[in-house]
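Accompanying notes for the structure given below.
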Amino acid sequence: MSQIGVIMGSDSDYKVMEESIKVLREFELDFEVKISSAHRTLERTVDWVKAFEAQGGKLIIAAAGLAAHLPGVVAGATTLPVIGVPLSSGVMEGIDALYSIVQMPPGIPVATVGIGAARNAALLAVQVLAVEDKPLSIKVKNYRAQMMKDIEAKDEALQKRLSEG
Amino acid sequence: MSQIGVIMGSDSDYKVMEESIKVLREFELDFEVKISSAHRTLERTVDWVKAFEAQGGKLIIAAAGLAAHLPGVVAGATTLPVIGVPLSSGVMEGIDALYSIVQMPPGIPVATVGIGAARNAALLAVQVLAVEDKPLSIKVKNYRAQMMKDIEAKDEALQKRLSEG
Amino acid sequence: MSQIGVIMGSDSDYKVMEESIKVLREFELDFEVKISSAHRTLERTVDWVKAFEAQGGKLIIAAAGLAAHLPGVVAGATTLPVIGVPLSSGVMEGIDALYSIVQMPPGIPVATVGIGAARNAALLAVQVLAVEDKPLSIKVKNYRAQMMKDIEAKDEALQKRLSEG
Amino acid sequence: MSQIGVIMGSDSDYKVMEESIKVLREFELDFEVKISSAHRTLERTVDWVKAFEAQGGKLIIAAAGLAAHLPGVVAGATTLPVIGVPLSSGVMEGIDALYSIVQMPPGIPVATVGIGAARNAALLAVQVLAVEDKPLSIKVKNYRAQMMKDIEAKDEALQKRLSEG
Amino acid sequence: MSQIGVIMGSDSDYKVMEESIKVLREFELDFEVKISSAHRTLERTVDWVKAFEAQGGKLIIAAAGLAAHLPGVVAGATTLPVIGVPLSSGVMEGIDALYSIVQMPPGIPVATVGIGAARNAALLAVQVLAVEDKPLSIKVKNYRAQMMKDIEAKDEALQKRLSEG
Amino acid sequence: MSQIGVIMGSDSDYKVMEESIKVLREFELDFEVKISSAHRTLERTVDWVKAFEAQGGKLIIAAAGLAAHLPGVVAGATTLPVIGVPLSSGVMEGIDALYSIVQMPPGIPVATVGIGAARNAALLAVQVLAVEDKPLSIKVKNYRAQMMKDIEAKDEALQKRLSEG
Amino acid sequence: MSQIGVIMGSDSDYKVMEESIKVLREFELDFEVKISSAHRTLERTVDWVKAFEAQGGKLIIAAAGLAAHLPGVVAGATTLPVIGVPLSSGVMEGIDALYSIVQMPPGIPVATVGIGAARNAALLAVQVLAVEDKPLSIKVKNYRAQMMKDIEAKDEALQKRLSEG
Amino acid sequence: MSQIGVIMGSDSDYKVMEESIKVLREFELDFEVKISSAHRTLERTVDWVKAFEAQGGKLIIAAAGLAAHLPGVVAGATTLPVIGVPLSSGVMEGIDALYSIVQMPPGIPVATVGIGAARNAALLAVQVLAVEDKPLSIKVKNYRAQMMKDIEAKDEALQKRLSEG
């Protein structure tokens, strides 16, 4: 059973979305990944969303560039929470995708993260699942604590470097 | 039989899209109008598109504001030409809709017109149908000639007004 | 016990965020509302976030305009999911707030909805809680079904109006 | 006889517009290509448009960067449908060209595609001609079917890669 | 004989461009005003430009909103200096027109002024004619001196108001 | 005696502005070039502007990037026509400079050309001087004719290349 | 003796800048207000800046809309800290002014506040003077404490209103 | 004792902010540098700000990219003047950071400099401290004088180069 589905419109998006996969693996969550398009394979996309929900899926991460309709189409086909990742593609570098994903009409929200923010999308997914999963919640808190330590270590390294001139 | 389908996501869009209807009536084309959403009634939208194409439809005008996925979703469900009209809605005043409609991924084009340009969408539809319809083509040329005369008349009125001081 | 916390930086934001409250009431969820600033009352804000989490809170909706740091500051102070609502304020009409909320650095995501999208923020919160709450999930599906019926009714009304000429 | 005319303002635009040519060749359509400027060779441009229409041309694709007046000038000189392709050129990377092409005044529409979307421009042209050309329409549907298969193949490749770990 | 031509695409532009007329009258220059469109009456526009140049015209002010091709088309049809005035029209409020006018391709410049800056367009025209016209140059310097006095008077008024508390 | 002054704020701007110099040389105009800043050497800048005007200068081209105050400051210090060239510098790539130059307040116009459009700035200068200089006007017309021939030659080359397959 | 100078380009800016005056009065600082333009009265502006510095002035607040060169010009004429206030004016609503003020070239900084943020400009001025003025520093801390109390009071009022239903 | 604190959210920001350090060293000011995050180490950040103020700190430079909350959070935790430096990071190249920093709500100003303007941030800091420090003020004036000489030298070099042809 997959708890989290990660869907993207093109295999070229995978190089960015691999950051999401890494985080999901780090938190040992069950997930599946799908390439399917909102326009070229609309029915197949909707079928996958419904099958994913039916088998017990809990949340979907959907990534797209340019007009970026995939997250919205997925959100329209399920009542599971959908996290949208705008990808930078072409000369607008993701501004087009950001507007297409975040400005959803009333009734069908998409939880949007920053442009290219695949890692944050996965962390948000983890935080959502952690709401009712105490051990996972503790893992998230440990992950945060580690981030704090990383910053402190970098600060120490800089202090040392500066004091050594 | 309807040659042209006009679809929009909300009845509040109708006050803008009425401009399209007026033009289609002026050119005496058969059309039908549909309110259906890309997210809230996705299957119904796809069903309508397919039924419209099956009954002999030739072209679809799709209008939407905000994230504006409707034109793209319609374009993915048919191989008929789709004309997209970005509508001004909310604080971004249609820039979000413009990007969502025009920046379609490779393979699924949407013929995009200006923000709120319902009249131009219908004229573009007429010009497409006129490609293989000589009498309609003549009507388009007459329509253009009338526009020229209108400008000339306005120019004359201004010259008169200026010369009279 | 409050499941959902709704925090905003100024009481003038309440007139928009009331849309969130309506939705939360419609779904009969326990919530609390807080006015507290990311800058003027930073410690009080952090204290409230920690107290909210400690008493069993599950998710926070944070709304802000202009530089809009509140959602990010809240997200830094908790590992609960945080939904950010950019509010239109001043001449940039919410673009500044959107960028300030959605472009969070790696590690601290904020689930961003559209500018002024208070209703969608609450629906997203409901969808998150519904992941592990079957009865709530059914309510969400019913809510969606009602939206579909509303669109169909509006479409029928338009068809009638058009056929009557 | 050329059915489709492809016009651009500079030979440097050809490297992008070659994508259009490829698609037109793939669909075995008759076309001609023209380099002519809206400003530097205005009369020559208008003469070509009129000659193209007179010899039986059906549709024009016009591409331009920067102020990008060519598609609009072409659209003013004919009643054939005109597809405009904004090209990325200079520091604005095509945003200037997009606005110049899509925001046409009432009466003279240009069917605008995405920035640099030469392939989509040609596919839109094909779809327009397919409205009254059954065999071409079948080719378009086959082309779409092939795109679907490509996505499915890419999805399968990814599933395989992920399962092999 | 008209020294300055003022051309605009629509009589609705006249209410803004009247500011230009006022300045030209103030400097007692000979001018003519024309309504003609870059798209709807292209040939008529080009004919007017050529006739204006032939009769001894020295400079053209061209104003347009939206895609705003008029100044560029005029500039392509003459070697006289052309001053372009982007007009605010529709939801983009003149940004579209500004980009369409200022981003001209190499070889055909348009001297662009600010959005809606009809008064500045006329003053620029006056300054251009004053290059070889000593008495006009003195008038411009007097006009500037008056502007200085106006600011000084406003400053004095404010100082008085503040000191009176 | 210099007819045209070319001023820029930094010697790093020279590599772009050299395009202006080339054009001025091609038209055999007398010019001088100056590096002086609107902020770091304000008085020196104003002194140069006044000296340039006093010695018989006719027109100034002023180029600047970033906040780009130089053209406006020059325009405030003279009644000669000032042509402003926004230069691309830093992450905003000239949009900041464009707005700073074109959006001048009422009373002090700057004739703005496109971002980085040094060649067009010089051509505009030539066109302004040609208003009262018949031989120069003929040179401009010849220059235009040459541009037309260049486009025709490029078109022919493309036709040949396409026909040869 | 004035510690703080407040300069603006037009008396129409005063209605916004009055917010700054109120704050300066509240903190009982000595200030003077000046209307002078960066373009129309450049020398007078520079003279005032130098006189202000000479009489013991410590900091200047400069406000401007549109191309907004005043803060930069003032900053070039003094080494006192200059706070720039971009004002919303015309269709760009202050984005033009923001870029013109904040994107100063290396060497001449302007401390920029938000669009129309006259109150914040004055508070920043107070904070700068408070660096070496203990009593003033205490006043600033009290002002902050009052802002905190205001938010708490508004929160209490909302809690009461919500609990009363 | 440190007079100036320089804080940034990540050690990757140091390569830009080193420009600030260089200027502070050139003016022989006491400073300290800190890496600490507004989100990942919020409390640590606030603690540092308070400790910095308590030990006699006078001014803080805070740099951040993306959502860029650090300068605002620092400004909320102290009444010392805070200079914010928006850093270019990711596809928005610092526009997001600029809006997040400059558009602070009423009551908590941040003195914002240009995108990536680390050198100007430090110069502004120096100018603020120079308000009550005569010798430092003289150094600033000398620094300015040197900038003037640099420009004059570059101008001379260009004049020489041009005259030598």
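For reference, chains read A, B, C, D, E, F, G and H in written order, and residue numbers begin at 1 within each chain.
Everything below uses one rule, namely that a residue touches a chain if its C-beta (ideal position, glycine included) is under 8 Å from a C-beta of that chain, and two chains touch if they have at least 3 such contacts.
Here is each chain with its UniProt name: A, B, C, D, E, F, G, H = N5-carboxyaminoimidazole ribonucleotide mutase.
Because the structure is a prediction, the values reported are computed rather than measured.
Novice: Spell out the chains that contact chain A while also contacting chain G.
Specialist: Touching chain A as well as chain G, we find C, H.
Novice: Name the pair in A-C, F-G or B-C that forms the same interface as D-F; by residue number, over half of the contact pairs must coincide.
Specialist: Same contacts by residue number as D-F, out of A-C, F-G or B-C: B-C.
Novice: Specify, for the interface formed by the sequence copies chain B and chain C, whether it is same or different in terms of residue numbers shared by both sides, with half as the dividing line.
Specialist: Since fewer than half of the residue numbers are used by both chains, the interface counts as different.
Novice: Calculate how many whole Å lie between the centre of chain C and the centre of chain D, each centre taken as the average of the chain's C-alpha atoms.
Specialist: That gives a centre separation of 42 Å.
Novice: Can you check how far apart chain A and chain B are, centre to centre, with Cα atoms defining each centre and the answer in Å?
Specialist: Result: the chain centres lie 35 Å from each other.
Novice: Measure off the straight-line distance from the CA centroid of chain E to the CA centroid of chain F, and report it in whole Å.
Specialist: Taking the average C-alpha coordinate of chain E and of chain F, the gap between them is 19 Å.
Novice: Counting only Cα atoms for the centres, state how far chain C is from chain F in Å.
Specialist: 51
Novice: Note the residues in chain B that touch 2 or more other chains, in rising order.
Specialist: Counting only residues that touch two or more other chains, chain B contributes 10, 37, 40, 66-67, 90, 92, 95, 102-104, 107-108, 114-115, 144, 147.
Novice: Among the chains present, which pairs are found to touch?
Specialist: Per the contact definition above, the touching pairs are A-B, A-C, A-D, A-H, B-C, B-D, B-E, C-G, C-H, D-E, D-F, E-F, E-G, F-G, F-H, G-H.
Novice: Under the definition above, what is the set of chain C residues touching chain A in their complex?
Specialist: 58-59, 79-81, 83, 98, 102-104, 106-115, 117, 119-121, 123-124, 127-132, 137, 140-141, 144, 147
Novice: Mind pulling up the chain A residues that touch chain D in the complex?
Specialist: 10-11, 14, 33-37, 40-41, 44, 66-67, 90-92
Novice: Chain D touches which residues of chain F in the complex?
Specialist: 88, 93-95, 114-116, 144, 147-148, 151-152, 154-155, 157-159, 162
Novice: Looking at the complex, which residues from chain A come into contact with chain B?
Specialist: Going by the criterion above, the answer is residues 9-10, 37-40, 42-43, 46, 65-69, 72-73, 75-77, 90, 92, 95-96, 99-105, 107-108.
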